[in-house]
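Here come two complexes built around chain A, the first alongside chain B, the second alongside chain C.
For the complex of A and B:
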C-alpha cells in the first residue's frame, strides 16, 4: 500500500477500491438482514409477553373478580384493584404538586446553574433502585414514624419514585414553549404567575399530562417499594391511612404465583392481565396527548 | 397590582421549594441508609464484601454477641460476595444478549424500516419499557424457565465440554441464565429507544455523502453514523446496565434465590443484591439485635452507590453524545 510510485511511471487507471465489490454488497445486505431479524425478534417477544398474559389471564376474568376481595388463595381482586387506585391517587397527591411546581420553577424561574443542578439531582433520584426506596420507607415510615404497614407509607414511597419523572417532564414541556410567549405576556404587564397560568400552561399542559400519566404507569407497576411499606390485606381499603395494611395488584402477581394452587395462579395471571391492560391504555392516552401537543406548537 | 405581584412572588417561592424537594428526598434517603448501615459495617468490616456466608445467627438464643460495640445474634456473619457475583453475572448476561439486539434494532428502525411501519413498532418497544417488572417475572416463570430447562439448557450443556460454565446440571430453569435473559428483555427497550433517538438526530448529509462516495449502506452506518453516535450509545448501554443492576422483582421471581454459594455454571440459582433485600427483610425483622436489618441497609447503600455512579456516567455520556451529533449546545 505504502509503495511510492515513480513519478514518471505510467498512470495506473485501475481503481484502488472496487466500487461494485460483490463482497461488500453482500456484507451490507447480510447485516441489514440480521438487523431486521433482530427487530422482528423484539416485536415477537413483546407479542409473546402480551399473548401469554392474555391467554393465561382471560379465563379468570369475570365480574366477580371486581366485586369480591381475595380470601386466602382464592376469591376476587376487588381489594387489590381498589388498593392500587388508592395508593396511586394518594401518591399523586404528594408527587404532582411538588413535581409540577418544581418543574415549572426549573423551566421558568431558576437561574441556569440551579436549573441544571435540580435536573441532575432528579436524574440521580430516578436512578435509585426501587427496593432501596422500599427499605427506606420501611425503616423510616413504617418503623420510626410508627405508620406501620399502611396506605400512607406505601404512597409516599411511590411518590418518591415518581417525583423525579414529573419534575423532568414538566420541566421539558415548559422549556419547549417558545420564549416569545413568555416575553409577550410579561410585556403586557402580567406577573410571572399570571404568565405561567394563562399563556404558558396552555401550551405546556399536554406535556405535563403526559408526564403524570407515565408517572401513574410507573406507580402502577411498582412492587419492590410496596412490599415492606404497604403490606397486604385481604380487605378493601379503608379510610385509615396509617397502621392499616393495604392490598395492591402487583403483590398478587408475585406471591400468588408461588402458591401451589390453581386458584391462586389464576388470580396472579388475571392481576397481570389487568396491569398490562391499564398500562396499555395509559400508553395510548400518552400517544394521543403527544399528537395533540405537537399540533399546538 | 401589589397583590398580584405578591401572589406571584409567593408562587415563585413555593415553586422553588418544590424544586429542591428531590434534593431533600435524596439526602434523606442517603443519610438514613448510611446511618442504618453503619453498625453492620462496624461488625463485619470489609469481609462484608468478600465473605461467602450470610447467616443472621440464632435469633432464639438468649445471649447476644458483642463485636466492635455492636450487638449480634450468636453465629451471625454477613458476607455478600455471592449476591455481588449474582448481580454482576446476571447483568452481564443481560448486556451480552441485550446490547446487540438493541443496537441492531435501533439501526434497523432508523435506517431500514419504512416510517409507516416504524410508527407501529416504536410504540411497541416503548410499551415493553412500561410493562411492570412482576409481569416480566411472570413471563419468566411460565414461559422462559421451562424453555431454558427443557430446550435451551440441554442444547447449551452439550457445548459444556468446550466452553466453561455451560456444562453441568441444568436444574429447574430458575437461575442465572433465566435471570439474565429476563433482564435483557427489560433493558432492550431502554437501550433501543435511547439509541434510536440519538441515531435519528444524526445529520443526513454526511451519510448521503458517504453513500455518494460509494460506501454501501452498511458502511455508511458503520463508519459515519456510528462514530457520531458512539458515546451516546455507550451511555444508553450503561443506562440499561444500571437498570439491570437494580432490578428486584423480576429477578426475585426467576433467580432461584440461592445464598451462601457462588454460581457454578450458567444455570445455577443466584440472588442479586436487590433481590436479597426484598427476600430477606421479612426474616431480618425477627433478629432482636436488628443487626440483620442493618446488614440489609449496607447492601442497599452499596447498591445505591453502584447504581448512582453508573447512572451518572450514563447520563453524562448520553448528553455528551447529543453534543457530538450537534443537537444540543
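For the complex of A and C:
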C-alpha cells in the first residue's frame, strides 16, 4: 500500500483505527459467518425441495403422462397440463392488456393524485389473500353470474391475482426510463402519446416482459383461487369456457397427495416436477431478457 | 453599436457560407462581432414582462428582451438563475412540468405562446438540443426519421432528409455505411451532432440549445460551435451556456441573468468588455479569472 502522504494534505491521513483492528476483524469474521450460514440455509432448503421433487417426480415421467388424461387417481396429466396452459393464456388475455395499459397510464399520463390513487388500489388488490379472491370468484362468477366451475371463472380469478403485479412492474419500467428520451421526442413535436408509444416503450419493454413472465409464473403456482372457480375435470379442456370445469396441475399436487394410493402420489409429484420445470424455464427466460435488453440501447 | 465592433456593410449577406467563413477567419480570430444587415433583421422572439412560477416559487421575474432572427443569442448566468427555465418556456416545454405557469407576453414567430393551440406543430418550428446527447434507442437512421414517419412523410423523402441532415452536421461521410447501427457506439460529440441532425430534420426555424456542449471535449465543442454559426445564417439560435468563452465565440448578443432576472442584454462584445451593471462585471470577471 502506498503510505506516502501528500505534502499539501490538510490533515493526517494515516489510518486511525489501528487500536480497534482486532475487534474489527472479529466482528467482520462473525458477520461473514452469519451471512454464509443463512445463505447455506437458503440454498439447502431450495436444493431439498428441488431434489425431493425430482427424485419423487422423475420416476412417473413418461410419454403417457403427456398423452393421456387422468382417470380417477391414475392415468396421465394431459388434461391438467393443457388446462393449466388454457387457464394461464386466458388469464393473460385479461390481465396483460389491462395491466400494461394501466401501468403506462399511471407512469406516463395520470395526474399525480390519480396515479397515487391507482397505485394504492393496485397494492390493496395485490394484498388480498388468493383464497379470498377464489371465494369472491365463486360467489360472484360461479354462482351469481351462472358461469359454473369453468375456465373463464378460473382465468378471471387468476387475472385478478396477476393484474396488480403487471401494473406495478409496467409502472416501474416506464418510470425508470430517463426523462431525457421523452423530452427529446417531445421537442421534435411528437405528441406525448407518440413519444411514449415509440421511444419510451422501446426502453421499457424488457422490464414489462419480465413482469409478465413473472406474473405467469405466479399464476402457475396458484391453487386457492382455482379451487373455487375452475373445479376439476378428467377431460381435456374444450372450447366451452363456461359451465365446464377444467383441470390444472396444482390441483393434482394439492388433492392427490391426500389420497392413500401410490399412483395418486406419483401423479402429484410428477405434476409438481412439471410446475417446477416450467417456472424455472420462465425464470431463465427472464434472465435472458434482462441480460439482452433492447437492441440499440 | 460600440466602436470596436467590426461593421461590415450589407453586401456581406450575399456571400456564400464558405466566403463568410474565410472572412471570419481574417477578422478577429473567430470572434463574430460582424454585424450583418443589422437593420433588416426583425425580432423573432419578443418577451414582454415574463414572470414564471413553479407552484408558489417564482423563477422568472419580469423578463423583457427581443431576440433577433438569424443570429445566435446566448444566455449566461449562475446555476439556478432561470436561464434553462426561460429557454424551455420558449417552446412550451416548461409548461409540461406540473405547477408551472407564466405571466406576461412571449411572442414566438408572431404567436403568443399562451394561445398556441397545436403545441406539437409549434414545437416542430422551435427545435431543442439538450445538455446530454439523447439519441433514441434505435438505429441511427430511425433516430433521424422516426418523427418524420409519425408526421406522415413518405419513406423516400424521409431517407433523403436524413441523408441531407447528416451531411449538414458533417456526419454523413462517417456514418453512411452504419445507418442501421446503434447510435450508442458513437462518440459523445457525434451523438450530439446526430441529435442536432434529428432536430433539424423536422425543419425548425428556431433552435434552442441547453448547454449543448457541456458534456463534450473541446474538439467536439468547437465542431458544434462551427455548426451553430453556420446554421445561424438561416435560423435563429438561442443558447444557454456556462462556458463564457463559448458565448464570446459564437453569440452575437448575450443576456446575463441572475436570480430570475435579466441583468443585462447587450451585444456580446459589449457585455464582456464594458459591462454596465456591476453584477455582470463581477460574474464575467470571476468566470474568466
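Criterion: the second predicted complex is superposed on the first by the 258 of 297 C-alpha atoms of A that agree within 3 Å, B and C clash if a C-alpha of one lies under 4 Å from a C-alpha of the other, contacts with A are read in each partner's own complex, and residues count from 1 in each chain.
The rule is simple: a residue touches a chain if its C-beta (ideal position, glycine included) is under 8 Å from a C-beta of that chain, and two chains touch if they have at least 3 such contacts.
Please read all numbers here as calculations on a predicted model, not as lab measurements.
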**Message:** Should chain B and chain C be called a clash or a fit once both complexes are overlaid on chain A?
**Reply:** fit
**Message:** Per the contact definition in the header, classify A:112: touching chain B only (first), chain C only (second), both, or neither.
**Reply:** second
**Request:** Give one of first, second, both or neither to describe whether A:268 is in contact with chain B, with chain C, with both, or with none.
**Result:** first
**Request:** Once the structures are superposed on A, label A:194 by its partner contacts, choosing first (chain B), second (chain C), both or neither.
**Result:** both
**Message:** Quick check for you: in the superposed arrangement, does A:279 touch first (chain B), second (chain C), both or neither?
**Reply:** first
**Fill in**
Partner touching more residues of chain A, chain B vs chain C, is chain B
**Message:** Going by the contact rule set out at the top, does A:243 touch chain B (first), chain C (second), both, or neither?
**Reply:** neither
**Message:** For A:128 in the superposed arrangement: first (chain B), second (chain C), both or neither?
**Reply:** first
**Prompt:** Taking the superposition as given, does A:46 touch the first partner, chain B, the second, chain C, both, or neither?
**Reply:** first
**Message:** Once both structures are overlaid on their shared chain, how near does any Cα of chain B get to a Cα of chain C? Whole angstrom is fine.
**Reply:** 7
**Message:** Output the chain A positions appearing in both contact lists, the one against chain B and the one against chain C.
**Reply:** 191-192, 194
**Item:** Sites on chain A touched by chain C in the complex
**Value:** 111-112, 178, 180-181, 183-192, 194, 198-199, 202-203, 294-297
**Item:** Touching residues (chain side chain C, partner chain A) in the complex
**Value:** 91, 93, 96, 98, 120-124, 127-128, 130, 132, 134, 136-139, 146-147, 150-151, 182-184, 195, 198-199, 202
**Fill in**
Residue set of chain A touching chain B in the complex reads 17, 19, 24-25, 27-28, 31-32, 34-36, 38-39, 41-43, 45-46, 48-49, 52-53, 56, 97-106, 109-110, 114, 118, 121-136, 138-140, 160, 163-164, 167, 191-194, 196, 214, 217, 220-224, 227-228, 250, 253-254, 257, 268-269, 272, 275-276, 279-280, 282-283, 287
**Asked** For chain B, which residues count as touching chain A in their complex?
**Response** 4-5, 7-8, 11-12, 14-16, 18-23, 25-26, 28-29, 32-33, 36, 100-101, 104-105, 107-109, 111-113, 121, 123-128, 130-139, 141-143, 185, 188, 192, 214, 216-219, 242, 245-249, 252-253, 274, 277-278, 281-282, 293, 296-297, 300, 303-304, 307-308, 310-312, 315
